[in-house]
Amino acid sequence: MSLLKPLIISIWFALLFLPFKGLKAALFFLIILLLTLLLFNSLFRYKNIFKDPLQKIFNLFEFNILTPLYESIYLRYVLFAALLVIPFFVKDYVLDVAILSCIYIILALGLNVVVGFAGLLNLGFVAFYAIGAYTYALLNTKLGIGFWSALPFSMLLTTIAGFLLAIPALRLRGDYLAIVTLGFGEIVRLILNNWDTLTKGPNGISGISTPVVFSFTFYKLTHFYYLLLFFVAITIFITKRVHKSRIGRAWIAIREDEIAASTIGINTTMYKLYAFAFGAFWAGLAGSIFAAKMQFVSPESFTFMESVLILCMVILGGSGSISGVIVGAFLLVLLPELLREVQLYRMLALGAGLVILMIFRPRGILGGKSASLRI
Amino acid sequence: MHLLEFRNISMHFGGIKAIEDLDMRVKENQIMSIIGPNGAGKTTIFNCITGLTRPVKGSIFFSDVNIVNLQPHEIARLGIARTFQNIRLFKEMSVIDNIIVAQHCRTSSGIIDAVLILRKFRLEERIIREKAMEYLEFVGLYDFANTMSGSLPYGAQRKLEIARALASEPSLILLDEPTAGMNPQETVQVMELIEKIKKLGKTVLLIEHDMKVVMGISEWIVVMDHGVKIAEGIPEDIKNNKLVIEAYLGKEY
Amino acid sequence: MLLQQLINGITLGSVYALIALGYSMVYGILELINFAHGEIYMLGAYFGIIFFGFLTVLGVTNYSIFLSLILTFLLSIMFCSAYGFTIEKIAYKPLRNSTRLSPLISAIGVSIFLQNYVMLTQGATDKVFPNLFGARGFYFLSIRMTYIQLFIIIVSILIMIFLRLFIRRTKIGKAMRAVAQDKTMASLVGINIDTIISITFIIGSALAAVAGLMVAMYYGLVNYFIGYIAGIKAFTAAVLGGIGSIRGAMVGGLLLGLVESLGGSYISGEYKDAYAFVILIIILLVKPGGLFRKAELEKV
């Protein structure tokens, strides 16, 4: 009996696999799968032995043990100091990864406002990122406006874009909203791709200048690293403040129960609008920095997959929790870099990972206790 | 003085008439109950008052303002709060945060105040936190302030919902079956709580199935059946009203 | 020119309609946007190429093209149904009682997984389906129509008639409608919900397989990312007609096909893919219930 079930499952999946790579590969796949299942089965039989240490590992991820660490002010100082001195010890490559992580942290924190706080699924977040990047790119290359003067403008524009999308979209519930935002993202990308006279289409815009502070031009990776550290700190600070304010509480109330929220006097439509706009605001920041860092933008950087990736960052760490989102963004930038050799399987793993995450830890790895684990 | 007045309210869902030409008045600082068999349209009345459904006809006056076309949050701001038959707490928020967030429409800190941690923000946060603790004490949940509200026992959740409704500082509070699923002891506690709410000067409108509660604390009772008001009066009159007995038990009795 | 575009639009629309039916049926029963449905269609196209190639190697194609086509269709349908069935069991069933967004995210995960799975096993380049009918066709009222277009339209119409009869007349079809209306009641009268959901996925996947295979024959080229955009368009079609309604999916599909081919030739070809999104957004905002459905009341 214990052999029959794994065998049937293995044969079934091997059959599904059969057309793609032929008989030999399917047989190989069958054997591997069967062995894995049997291994798991036997492990499962002795689960009591594993239960305790496993539970401990799980508990590590729960807030109750790690919270004092997160909250510890000393740890923060140590971490901050470490972040400040990193550039003196590492190679450019590491710095590059760190910069990328920072950009994604800003993006993920922005999307977290929409998804994590207000509970609205936004599958077109990348559109705001793109608008931010292109606004700076165009202002800079067409009008010669510098980074610091263009930044407020491009953030304002993305915020307005957030409002404009939200006004109609918020009449829709849950998954319809998700699809409309996805459509918005695709439309923006198609416009960038096809409006050749303005955006140069798929070729993208190059020659974007980097930021200048008091006649000091940012050109080295280290400069960008500190710039991003600065902006990430600001983003964390502000989103945290807002989260703990009247506005953040209203968002969470809407996420938890929209009807109840409206009957205690929260203007739910308005606050959902705010969430969209406030989230877009950060995408505008990340986009502008991205354009300035790369000195080049093209529609290719703003595909639907990018939206999904940012969404994954938010839910991997635990949507709604700021530290969780930071960890999520960092992991999802870092993992593919660490797994260079299996780069090809990156997206495969991402897809499977999403399914597994939804099933086993829908609130993310750091996302607090899930109902089933609370007991 | 009437705090709330229904004039000719009708509500239909598809072909079903949930409420038909309802006239009803609620006196200020009174405990009034709406009773009636299942499907009589009681919860629909609450939904109409709080703006969750819009009646097809008629008007509802709340301190002389017609609230029929207002949004739920505007109605809440005017001073109406409610609880729900199937408890609707913010489960992932702590007990105290449930109360704090309910003071939303009585506070005004904006994004700038919060980000720059201005004096106004700090002061307001302190006040609403203190007030929240007072409300928790009022309903007897002081010790649970930092518990996740979703993990509270059932009876406590009902009380928390009442406290949350109170926290939005209403003059009229609607309670939809506040004692449903409670043991006799908890039921008595809730009855006392409702009396206490009245003593605060608030008006209470109650939907309740437990006749002991209804007869025990109501000053006025409205009886609904199939969307129509079939009787109203003080508890003694309702107890002996033939129509009411028929509605509940059928004609043969 | 106009009539020509009409024919192209109807051909395209029939394909969208077939895929849209799968979205609609699943949404009707589970209230889930089965984001991975477009990938099933993509798999259908790939299976078509794989099996047809296999039959060619075996020599069946030389013996009879007709027979090998039928075999290809059957195999493709079988495999796609198996995939649909498996996806539901793995990615959706465990999430049936969770929040509304979890299954949607899981579905996106499945979609990404399948795309890359096909890319890794079949390569990132275009795959070619042998051109069986050539560009041969005939003139009908002065419009040129290729045989493959005629084939697509006829097959789609037959399938839709068949599906309608199936849902109206058979016991399973009636059970499906019952489950869509009220799961609890349906299970109380003895309908096995799990079986019905599985059957829904199997039928939906079979339709997508047919659509994918026909598109492979029509265009001759297949790539691993065709599922995403076709899926979105078919979903638009389903919403356009009123998601959950079978008739709506058919009409929505045809309308979308027409809009795309007419808009593509008269307005702008570059924005061809954007029409679906624009229509989707407008429909959802103006008439969220779709063209044929009354807006539903939200329960309090």
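Annotations for the structure displayed:
As written, the chains take the letters A, B and C, and residue 1 is the first residue of each chain.
Definition applied: contacts are C-beta pairs under 8 Å (C-beta built on N, C-alpha and C of every residue); 3 or more make two chains touch, one makes a residue touch a chain.
Since the structure is predicted, the reported quantities are computational estimates derived from the model, not experimental observations.
More C-beta pairs touch across the A-C interface than across any other pair of chains. Comparing the centres of all chains, each the average of its CA atoms, the largest separation from subunit B belongs to C. Here the chain at the heart of the shown protein, by mean C-alpha position, is A. Separating the CA-averaged centres of subunit A and subunit C is a span of 30 Å. If each chain is reduced to the centroid of its CA atoms, subunit A and subunit B end up 41 Å from each other.
The centroid of the Cα atoms in subunit B and the matching centroid in subunit C are 48 Å apart.
Taken residue by residue, subunit B touches two or more other chains at 52, whereas all remaining positions touch fewer. Shown for subunit C are the residues in touch with two or more other chains, namely 300. For subunit A, the set of residues that touch two or more other chains comprises 259.
Residue ranges of subunit B in contact with subunit A, taken from their complex: 50-52, 71-73, 75-77, 81-82, 84, 88-93, 97, 100-102, 104-111, 113-115, 117, 121, 124, 151, 164-165, 167-168.
Per the touch definition, subunit A reaches subunit B in the complex via residues 237-238, 241-242, 244-250, 252-253, 255-257, 259-268, 278, 374. On subunit A, the positions that touch subunit C within their shared complex are 12-13, 15-16, 19-21, 121, 123, 168-169, 171-176, 178-180, 182-184, 186-187, 190-191, 194, 259, 304-305, 308, 311, 315, 344-345, 347-348, 350-355, 357-359, 362. Note for the complex: subunit C touches subunit A at residues 31-33, 47, 50-51, 79, 82-83, 86, 90-91, 94-95, 98-106, 108-118, 120-122, 228, 232, 235, 239, 270-271, 273-274, 276-278, 280-281, 284-285, 288, 298, 300.
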